[in-house]
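Report on the following structure.
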């Protein structure tokens, strides 16, 4: 925080060629912690995307697994002495490092996918509430209040109790849990923006409502939406991991990080910590780096904090 | 006061009613109860007879009203798995969950308040920074993984604490409680800490923010200007003011603590309601699912009501308004 | 440079000499109080007048030694009862606060703790300074509440602050200040937030109490008309310094400093009806980048080249000091 304020002064004296976006970028990189977190996050995303190319093993290909290599300690060599299990193996002889890389993929896809879907649903409803006002607004916001008053895990459990377990149902549950945050944020911003002169000007020009919403209102709602979205991705990843750990989430054949951790649970008691430990570390680093980036984004994008 | 209470009770009843519709429609209408309730080996005739017996051939609203009628008599159906009344099953498991949630809440306050107070009074010190970094971790760490790590360190590596179960219990008010025996407390220590972790972070943040805000208030400076000792200024003038928001939030969070104990109970094989609901979802034991959801919504409503009343006891300003 | 105004035999209750309180902010050092000197005689009322940001409130908190970070007293002395408050230990300072020097704050809605009863807030003040039983303290609290004009004090002791009006709360605050019959009360704009009628009542009350108990008062205000009826001496502050200092009639009748002159000219009054009110042009300068020399010169109609120098505090008329190279001597009937 102090770095931001102190650094703002020289930035203001710089020549006026800088665009808002450039200023945002330069302000963002003033925080060493946030920059570090962003670097880590980019690395994690790259690992997840290129997992099939860089992982030592395809953990889903049962032909590559050797049950004889099960539960080997980190650093062990495989039976054929052709590769090293740097993070050990699980009970089926799966290389943990490869499992984590592929698990990251699932976790990130589910987390980001549900966050984006929830953002679309929530932002649309929030915009509708702000633009329509009246009873529509009341009904939507009552739903938001109801949703937010329930703990996320309870809402998710309720959805899974209704729909049964499975990856698609987890995504639906995550969307149901998250949409309200977006709706509230977008409605709040849109209500403020609506009263601004430029919207009134656009209305005077008799521009179509659709155009006003998408070209004028929505872009102005983006900064808070991005901040909420970042934090919600982290929450979605954590919640997916939790549900998978509880056995209500992804199928056992394509484990996410949460399920990897669950798989190691029974071996933990016999001291074989690595099956649960390393996927947990990967999960932790992912969530913490997203949260740090999100926290800082909020500081930079929130005009109220800028003085 | 009594008018206020009455209004709140009517509100609570309406919320319960709304939730019963949602839960009923969710569990009995979205899914196909026939698939679950009737053995797949049953022939056509048996199926039809069972459907009629369960009232599934009637229109949905009639089914709902008979469900509601039964619910009001305390009958939410029998568990398929245990073949016991679902509500009775929930009742048996509730003490384990409740003592865990209360233990976690007490722990959150006992640990969180002093740390938050320290961090708020010396916001720029190394200690405060470490506490705040820790609270970020507390928010980010997935509860279930921390639970596993606790087991690994304290049960497996150090062998100090038992890893699973409730341990020895003692009877009190006709229910069995772990916190009354030493062995039970030892079993409770890790799950309670695990469940408290998130709340500790929350209490730290609330307390710190409250302290920093309150320290700037004129009445704190006035208290110092009266020549009071720092202990009195912080212990009475600051503390009493931050206690209100902290108690409110922690109280409201009790419901979420009970809900999140699902995770902790699964990790530590703690035989509470949470463990029961996960098992029930896995085998689609619908009456138990419904009973769990309805009772947890009821707990939520009760907690909200109690926190509201407690709030008015703590804050004299609210007390006056509700009287008037 | 010894202000020698209250030339009575007894030593003044408080002598402030060259007090400097600076705030070390990220943007730079803010000299909120910069070389301030004045005396408060026994049983006398000193009016400390200035605009917001002139340093008058910080001066008050400096006397209480209640300047918060990033502020610090960096120089000067404050002689009180034979000791220098600047050098007094925090422990001893606490024994003085609320006991021998009390303070009344600006906003009565904010000074009392909303969650503690009035009796708690009064009794704790007494028990912080002397061994006194709860019952005796309560008795004394009740008497003091009665003294400041609070009806049925017995019941009111059990009330919470929000059950009082603003004026009543300020009376409670004054009662708390009076509990130990202090030698000095620092009153920081205690009537600014109140209605005019209540303001008059409180002023009269305070004046009476000061006269009866021999308590000295520093009355901090931005309102010259309040000071005119209340104070014995007046010190006008501008940009962290005292611009003019003297007996109240002297200063109000013959303002020497152009700033005081401007302030008096901008007060509406009956005998100036029909005339346009004078205004001081421009704004209070930021303490972060004050003009070189006299801080008022950028707004001063009489500014000349010499004002680029720092004007010293000088006794321009007998017992009447000003920090100005070009004071208003014409009106005072004295040749320059």
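As written, the chain order gives the labels A, B and C, with residue 1 at the start of each chain.
By definition in this document, contacts are C-beta pairs under 8 Å (C-beta built on N, C-alpha and C of every residue); 3 or more make two chains touch, one makes a residue touch a chain.
These numbers were taken from a predicted model, which means no experiment stands behind them.
For subunit A, the chain with the farthest CA centroid is C.
The busiest chain interface, judged by C-beta pairs in contact, is A-B. Centre-to-centre spacing of subunit B and subunit C amounts to 54 Å, using the average Cα coordinate of each chain. Note on chain placement: the centre of subunit A and the centre of subunit B lie 26 Å apart, centres being C-alpha means. The set of subunit C residues touching two or more other chains is empty. Across the complex, subunit B is touched by residues 149-151, 153-154, 157-158, 160-165, 234, 238, 241-242, 245-248, 258, 261, 264-265, 268-271, 273, 276-277, 280, 283-284, 287-288, 291-292 of subunit A.
Residues of subunit B touching subunit A in their complex: 23, 26-27, 30-31, 136-137, 139-145, 148-149, 151-152, 155-157, 163, 255-256, 259-260, 262-263, 266-267, 277-278, 281-282, 284, 289, 293, 296, 300. Listed in rising order, the residues of subunit C touching subunit B in the complex are 64, 66, 68, 94-99, 102-103, 105-107, 110-117, 124-125, 128-129, 160, 162-163, 173, 176.
Those residues of subunit B lying in contact with subunit C across their complex are 217-219, 221-229, 232, 236-237, 240-241, 244, 314-317, 320.
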